[in-house]
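Both complexes below contain chain A, partnered by chain B and then by chain C.
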Partner chain A sequence: MEEFKKQYKKILEQYILKQTEHNLYEGQNISRQLIQKNISPEEVISIHKASLEEIMSDLDGDVQHSFDLLIEVMIRYGLALKEHQTLIQKQQNIKMEMELAANVQQTLLKTKVPKEIDLDIGIITVPAKEMNGDYAHFLHDNTHVGIAVADVIGKGIPAALCMSMIKYGMDSLDGAETDPVIVLDVINRIVEKSVSDSMFISMFYGKYDTSKSEFTYASAGHEPPLFYCSETSSFTELQAKGLLLGVIPNVKYEQQSITLNKGDFVVMMTDGVTECRSKEGFIEQKTIMDIIENVRDQPAQEMVEYVFHKLEELQDFEQRDDFTLVIFKKI
Partner chain B sequence: MNLRSSVDIITEWDIVAARQLGRNEAKDVGFGTVDQARITTAISELARNIYLYAGKGNIEIKQIAEGNLKGLQVIASDKGPGIADVRKVMEDGFTTSGGLGAGLPGVKRLMDDFKIETVFGEGTVISATKWLR
Partner chain C sequence: MNISVELHQTDLLTVNGIIKGEIDAFTAPTLREKLAEIDLKENLQVIIDLTDVSYMDSTGLGVFVGFYKSINASNSHMELIGLSSRLKRLFDITGLGEIMDIQASSGEVKIDETV
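And now, the complex of A and B:
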């Protein structure tokens, strides 16, 4: 503090003597140091007053008093500055906590992509913020592959907390053979019991039977997947009726099946994909279909990554919602 | 040494009287202009809280000493509604009178020691001390 007083007095003395830009620059430099050392505005004025009194022995009494008023006025500025600093510190702590939570979530929701079957599988899931409100999970045994894709309406921490509940519901299931309608029924009961009325989750569940090349699916109000038939080079939506999870305990879900032939694929997604927006408005389903069709001969993982990057580009790299895309391609 | 004096807070003008008392005592202890301004701002804040939320109360100013250390203690007491959630009013960014850098966190920052005792429905006693360095 004494050091600053000396420095300040010297700069002030110089400046009173000669009003050069250089002397003003010195003043600005010392302000950086003062802030770093947490010296509050009222203290700076007090230093100014004391320096002035030393430099000008004949300083007018009225002028001296005026600084006391200024000090009084500056006290709250000093407080506001300190509060600001504390809030910034707090914000950094929250951010760090969020990153930790996101890591925990990632570990929790880790899913193993099944290999060594007659399906080529690609998956990408990218949260809009730190925490993901989308969920994709595989179940797998020798003959069956199950895939769950879910989306909590909303994003961020509340959505992420909800997601872990679905994970434990999925873990309680017996195996990949379970029928989609049964899976949805079980998860719906869990969600209905544990989640507040304002929380809605949509979910799609599909099961692929390797022995019959059959894909059976059901949906709880989820975005319908796209089925690409390689023979006709055309997309169709896989519709299945069913209410969102957690609304009422007993819901009748509808189950459908299709057969996959070589080159056919199913594209499962969340509304982060279908509700992509560019400057001109929503990106149309046709555009998304065209993007996918462009890369239909690529490995499934490359397909999903390509679609993500393409849509990212169309949206000027501004991702509004959690994004999840899964492709099952028959080989 | 235990000099004490106090001001009853009933009208807004009593806030000024409390400040004046605080400033006189602070000068007497030997505080400089900046610390005087800090102490009086803290007194303002405490007296204003009494005036706004409790209706009436009292600000007591005490010169105190601990070993070689001299200081000034401000005690604000009222029989108002008390504070339901102390943790919340001590939080930065939370202020019911809607100003930056004030309220009880401000008082705590301006002074060296800060203590709050409150019983919901019965009243509040806040004491804050500044030490002369």
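And now, the complex of A and C:
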């Protein structure tokens, strides 16, 4: 503090002597140090007053008094500054906690993409904020591959917490062979008991049987996947009736099956994909289909990444919702 | 990002509501509070007109799911009318169209894609 007082007095002395740009700039420099050292505005004025008294012995009494008033006026500014600094510190702490939570979530939701089967699988899931409200999980044994894609209403922490329920529901299943309708029924019972009234989850579950190249699926109010038939070069929606998870306890889900031939693929997604909006309005399903079809001969992982980047571009890189896309391609 | 919610009790057992604007994460709390003001009782009919709702996301859907649950618990009835084709699709995909009483807008289908 003493050193600072000396420094300030010197700058002031120089400036009173000669009002140059350089001498003014010294003042700017010192204010940076002041902020760093948490010196309040009223303290700065006190220092100014003391320095001035030392420099000008004939300083007018009225001018001296006026500084006392100014010091009083600045006290609130000093308090506001302190408050601001505390808030910044708090915000940094929250941000750190969020990062930790996001890490925990990533570990919790880690899923292994099945390999060495007759399916080429691509997956991308990108949260809009730190925490992801989308969920994608694989089950796998020698003959079956199960895929769950779910979307919890809302984003951020509440959605992420809610999602751990699906994880535990999935872990309680017998294995990849379980029928989609049973998977949805089990998870609906868990979710219905545990969520608040306006909370719900949409979920799609598909099971691929490698022995029959058959894809069986059911949906709990989820965005229908797109099925691309390579023979006819056309898309169809894989619709299956079923209510969202968490609304009522007993729901009858519809189960459907299709056979996948070489080059056919199924595109599963969350509404972060279908509800994309550009300046001109919603991005049409046809646009999304065209984007996918453009890269149909690429490996599945490259396909999902391409679709994500293309849609990101169309939305001016402003991602509003969690985005998840999974492709099962028959090889 | 605006919403207006008007509720009129037309007789002892009927409440008519008109919602205009967008129902998303920002406006959903307003809608939820407004709907909570309705004094639910047995045989009450709540008819909500969504003709002028230009956009609704899953948070908006959540408000109706919550309201639907309280309606059921109190043995009242809710009807949503004037759904645009985009809104209708949202209710159909989620399966809510099967359990709720919903009516698509009659006549010319109005879709506002410019929001």
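In the analysis below, the second predicted complex is superposed on the first by the 331 of 331 C-alpha atoms of A that agree within 3 Å, B and C clash if a C-alpha of one lies under 4 Å from a C-alpha of the other, contacts with A are read in each partner's own complex, and residues count from 1 in each chain.
Everything that follows uses one rule, which is that contacts are C-beta pairs under 8 Å (C-beta built on N, C-alpha and C of every residue); 3 or more make two chains touch, one makes a residue touch a chain.
Just so you know, these numbers come straight off a predicted model, no measurement behind them.
Asks: Please tell me which partner, chain B or chain C, touches more residues of chain A.
Replies: If we count touched residues of chain A for both partners, the winner is C.
Asks: Is A:222 contacted by the first partner chain B, the second partner chain C, both or neither?
Replies: A:222 sits against chain C, while chain B stays out of touch.
Asks: Please indicate which partner A:202 is in contact with in the superposed arrangement: first for chain B, second for chain C, both, or neither.
Replies: Touch status of A:202: second partner only.
Asks: Look at A:241 in the shared chain and tell me whether it touches chain B only, chain C only, both, or neither; answer first, second, both or neither.
Replies: Second partner only.
Asks: In the overlaid three-chain picture, which partner chain does A:275 touch, first (chain B) or second (chain C), both, or neither?
Replies: In the superposed model, A:275 contacts chain C only, not chain B.
Asks: Should A:61 be classified as contacting the first partner (chain B), the second (chain C), both, or neither?
Replies: neither
Asks: Would you check which partner chain A:43 touches, where first means chain B only, second means chain C only, and both and neither mean what they say?
Replies: first
Asks: Identify the overlap between the chain B-contacting and the chain C-contacting residues of chain A.
Replies: The answer is that chain A has no such residue.
Asks: Okay, in this complex, where on chain B does chain A touch?
Replies: 32-34, 37-38, 40-41, 92-93, 99-102, 105-106, 109-110
Asks: Applying the document's contact rule, which stretches of chain A touch chain C when the two form their complex?
Replies: Checking each residue of chain A against chain C gives 151, 153-155, 196-200, 202, 220-224, 241-244, 247-248, 251, 271, 275, 280-282.
Asks: Given the complex with chain A, which residues does chain C contribute to the contact?
Replies: 25, 32, 57-59, 61-63, 65-66, 68-70, 86, 93-96, 98-99, 113-115
Asks: Within the complex, which stretch of chain A touches chain B?
Replies: The touching residues are 42-43, 46, 49, 68, 71-72, 75-83, 86-87, 90.
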